[in-house]
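Here's a structure for you.
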Amino acid sequence: MKRIDGRKPDQLRAVTVKPNFTKHAHGSCLICFGETQVICTAMAEEGVPSFLKGKGSGWVTAEYGMLPGSCPSRVRRDASSGRAQEIQRLIGRSLRSVVDLSALGEQTVKVDCDVIQADGGTRTASITGGFIALALAFKRLRKEKRLAQLPLLDHVAAISVGIHEGVAVLDLNYQEDSSAEVDMNVVMTAKGGLVEVQATAERKPFSKPQMEKMVALAQNGIRELISLQKKYIKGI
Amino acid sequence: MKRIDGRKPDQLRAVTVKPNFTKHAHGSCLICFGETQVICTAMAEEGVPSFLKGKGSGWVTAEYGMLPGSCPSRVRRDASSGRAQEIQRLIGRSLRSVVDLSALGEQTVKVDCDVIQADGGTRTASITGGFIALALAFKRLRKEKRLAQLPLLDHVAAISVGIHEGVAVLDLNYQEDSSAEVDMNVVMTAKGGLVEVQATAERKPFSKPQMEKMVALAQNGIRELISLQKKYIKGI
Amino acid sequence: MKRIDGRKPDQLRAVTVKPNFTKHAHGSCLICFGETQVICTAMAEEGVPSFLKGKGSGWVTAEYGMLPGSCPSRVRRDASSGRAQEIQRLIGRSLRSVVDLSALGEQTVKVDCDVIQADGGTRTASITGGFIALALAFKRLRKEKRLAQLPLLDHVAAISVGIHEGVAVLDLNYQEDSSAEVDMNVVMTAKGGLVEVQATAERKPFSKPQMEKMVALAQNGIRELISLQKKYIKGI
Amino acid sequence: MKRIDGRKPDQLRAVTVKPNFTKHAHGSCLICFGETQVICTAMAEEGVPSFLKGKGSGWVTAEYGMLPGSCPSRVRRDASSGRAQEIQRLIGRSLRSVVDLSALGEQTVKVDCDVIQADGGTRTASITGGFIALALAFKRLRKEKRLAQLPLLDHVAAISVGIHEGVAVLDLNYQEDSSAEVDMNVVMTAKGGLVEVQATAERKPFSKPQMEKMVALAQNGIRELISLQKKYIKGI
Amino acid sequence: MKRIDGRKPDQLRAVTVKPNFTKHAHGSCLICFGETQVICTAMAEEGVPSFLKGKGSGWVTAEYGMLPGSCPSRVRRDASSGRAQEIQRLIGRSLRSVVDLSALGEQTVKVDCDVIQADGGTRTASITGGFIALALAFKRLRKEKRLAQLPLLDHVAAISVGIHEGVAVLDLNYQEDSSAEVDMNVVMTAKGGLVEVQATAERKPFSKPQMEKMVALAQNGIRELISLQKKYIKGI
Amino acid sequence: MKRIDGRKPDQLRAVTVKPNFTKHAHGSCLICFGETQVICTAMAEEGVPSFLKGKGSGWVTAEYGMLPGSCPSRVRRDASSGRAQEIQRLIGRSLRSVVDLSALGEQTVKVDCDVIQADGGTRTASITGGFIALALAFKRLRKEKRLAQLPLLDHVAAISVGIHEGVAVLDLNYQEDSSAEVDMNVVMTAKGGLVEVQATAERKPFSKPQMEKMVALAQNGIRELISLQKKYIKGI
């Protein structure tokens, strides 16, 4: 079996990171998974949502957007999209899974993931890059004495896997994704714990062995991504 | 290990169905998983969304809501909720996975799942009951000659599983769900194919063997639910 | 003259009440006027709207909704409807007319009336059932020591009347309502005081004697409804 | 008994009308009931709402607004108000009761009632002035050959009545309205038919004889208003 | 060259002002530039926007609206219009340019400009009349001891100029405005300082000498308007 | 006088352009004026707004947004901003001033300008970069035979000028802009015609000679920008 872009089934696309891509956010990066490009920024604000007030805990939340020109058909700017809501909830949960919210104190960090160019895997790029932006923001907040210690418990990254023409493949691009039978997103920590597993049959249902195969593929991919993350956030 | 309500780890709550609960919808039921109660109605309309126009295919979509008095704290009626968006997208995908959309012709069936009383598992009750409402609607549409044949490819049902105090348990009620370490929803067909698997670590990440254990538990629960569904929609 | 469903002009439809229909609300019931079915729930919250703050008075307000499957044509969930606004203002005013707001203290009770199935008279069923839910909520709040005394001044109920084929009739169902010449809703207390009278000519104007005839019919119907209410809220 | 402004119980405030107050609308007037001032404009557009398409019938509808500076406390411009919705539905129904919609053909007349200064009775001034604007618009449309005949079946006007300090009084100003025990609005045609009667107990319920007294008072007031209307729309 | 309505190129339309046009606002006027009619009201409220809290400064802001019947085609009431946003920001900036916000104390004055009839130049009429309403409000607030001194630094007024059939003309009406090659609005103080200059080429770009010609014309017009304003607000 | 960043009063910041920055849009660029960075994309769609239907003319419109992380304080994603509305209307008018809409045929080109990093002058960077994206889109549409000829009449660019500490300066960065006495934006074509001139006194009014000085400065800056644009769109 040969993939559209010549990759092996278990091969990631070229993944690149430009840390500190913008200057105003506390932490930021531009992350690319092949032709998918996402700007991730993390900004801290004093205060927490009302359900946390007075509990001495912080909060991390995420928002996800697509620039109008990021897709072959223009994306309407004011479209309130169920898909975007779902993705930003996933990003938020994933990032919170590795943050010690009580060590954060009563502040909120908002991580914004804005897709500049979409070619499949925007949500997994957002989680992987969002973690880098968040870690860089924590670094800066510690430097500015707004944090006594680094409130990170672990690293987290995410990747997509799928069944394409009957074969389990890693990190699908848009063309593969459109014709895949099954689409799965896996979020995992550096220590190997699973944080989120979401599998969807697009055409026909899948079997348990197929699912296990996909999870194994994803675990390898995520280990690779976490190695990459570490280069950009070392010394935090 | 003993569950709060005395059930065994692999035991469903009492599940009851009142088919044809309301008279105006083409198909409807009131489904209860223990104290969780959901009214499901399915109504057909001529026409399809614009992306399907002229393709000779039909569409099935779902909406999910909670009555203000369904929860211990009143649910605001106008709250546009990311959670509701996510759930209704899941219900819609799950139902479409067993419908032959081309056999439906250019009509849209909207399945509404309105939670009367919430006690955990409202999304899985919605999928399981939504399928019954949909099947009953198809039956009525065939009787009214708006369908030449039954556009159903399979049955579909859903159940939640989780890790609670270290043990994998089936069909969590609200109290269990609130303190579970992992929360998983599984959607499966009568033929045993997996349609959706969504697992979320609420406190700490989970391992691959834990995930496999949960999926096995869910498969048994869903088989039981599908047997129940068949009682109410036989002869369709 | 013979009514569509065989009733006499001054005869109510079968009215049934299931008190405590749901468990989370402080008070609730399912009320049916023939095939019209409405779930009424009453929930108390600390605090009052800003115009009442610091005045030592409480507040009672109502919201009205229709489930999507409650009508022959599906009701859009997000439709902001002038009709619904008007009905919920009427329900709120009617309920407040029999509540001693100062005895309620600085808390707000929200009464939600959600139509499960519509067949005419949903607003009058909502007022009649909403009063039961409210009274049951007051009972529970007193038991929970959130109320020192019962803040009820009187009972209240409502009924529709109309001119149908030239004859004044009580409690119109949907089919009668659609072809009635005049539609009137009357809200009255147990002591016989009129709280609201709303009469609308649908086809041709009506005369003062016709109006008086309708009011008399309504007064009798409401007396019957209040007797029924008393069964479910006795001992409060 | 002496009224705040020296009027007798059955006396209207000074009512003045400036017809053709603005030049762009097909018909318009400024109507004043004492210090209450409302600009009414009527504009015709081709086409009808979707529920009337292809039936050869026209439509008349109304919108009601308050200028921000019309009240002692500034009215927010973007406030979506249940009260405004209710009032504009009342104005629309009242005007339609005297229009032969089939003689109007497939066009829609929108009547806008904008309160410049509020001092009680804005809805009844809107109906009374809205009818003049509508009639003047019909006159102009006939002149422009957009109407073959005048689609008016009757005249319509409205007035408020109430119980103030135990006495039934006509045409309440804001100060009276704020302290009235009962507030009633009556809409009636020139031929004496009742179109709408809406009575609300503000403090304590009212009796049937009180209601009859108020209706009688309103009937006299409306007859006076219709005489006034006729001066401005004669020759139509 | 002859203008449509016979005016000379440097001639204003008839400008009239009715001060204190409504009674509830602290200051108000009806201002007419020819057939353009705008109601301006100014109302003070305690408090300032959050960005000014605790700074001891006040705020002046403006809102602009058009009544539905103010234009040949009915203006939709709920249309959120970019044009209106732009105009009300311009009015607000213009008025603030002559107010000593610190002398105002922590209160906000809202100036509402509602167009009753539009015939070109509604934004310049709004600024010119808005200033009168604001000054009258200041006068009343001082009388009511809510202001220790008059917080006005200067007078301000505005006028439109344009290039029409190649000639620079002052105060364009709607017909001229629609066919003008260039449209310019100038806001200036009594002392002659420019506050805003906005020039837009509608058809073809304009030259620097043309711009200077237009500014000179506007300066003369504004001097005339300020003389007029002074008649209505003298003694403040 | 010395500027904050060492520039001379009449000196632009470093301006860089990356044409074809994203692959999906018909034309695109990343444009930087110093630290201000804007992604401009232009996408064509069949059809025109309703007011142009059937007239054989095309349309060009613009939208402007700021990424949440583009400013020192996070920009809310859902904030409907009067400022954004005003800017996108300005961009749209400026671009249309150099497009032959009838040569475009019945298609609409939407130009999106999304600010990645803001440091003053985002609207002028958007116009200057938006023109490049538009020209590149026209080039591609001609290649794809969706355009018979290039519908461009001229080039257009924009720059800000201001009075800062009494001196007229070109291309203000954020720090200068915040403390400038006067802020002016000028839009001009390659042929030297003025398209838009918007001058606002931020602190104290300005004089006519000051305005003339600023316009002269802007004209020189724009000539420089247009030379730069030509490098990236030559051969179109």
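Letters A, B, C, D, E and F mark the chains in the order given here, with residues in each chain numbered from 1 onward.
In this text, a residue touches a chain if its C-beta (ideal position, glycine included) is under 8 Å from a C-beta of that chain, and two chains touch if they have at least 3 such contacts.
Computed from a predicted structure; not experimentally measured.
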item	value
Smallest number of contact steps required from subunit B to reach subunit F	2
Partner chains shared by subunit A and subunit D (touch criterion as defined above)	none
Subunit C to subunit E, fewest steps along touching chains	2
Subunit D onto subunit F, rotation angle from CA fit, given as a multiple of 5 degrees	120
Interface copy of D-E among A-F, C-D or A-B, judged by whether over half of the contact pairs recur	A-F
Distance from subunit E to subunit B - Cα centre to Cα centre, in angstrom	60
Chain centre separation (subunit A, subunit C; CA means) in Å	51
For subunit B paired with subunit C, centre-to-centre distance based on mean C-alpha positions, whole Å	33
For subunit A, residues that touch 2 or more chains besides their own	none
Overall pattern in which the protein chains touch one another (line/ring/star/complete/other)	ring
List of subunit E residues in touch with subunit D within their complex	22-25, 28, 35, 37, 39, 41-43, 45, 63, 65, 67-72, 74, 77, 110, 112, 114, 116-118
Touch list for subunit C against partner subunit D, complex	80, 82-83, 85-86, 88-89, 93, 97, 188-189, 191-201, 204-208, 211-212, 215, 219
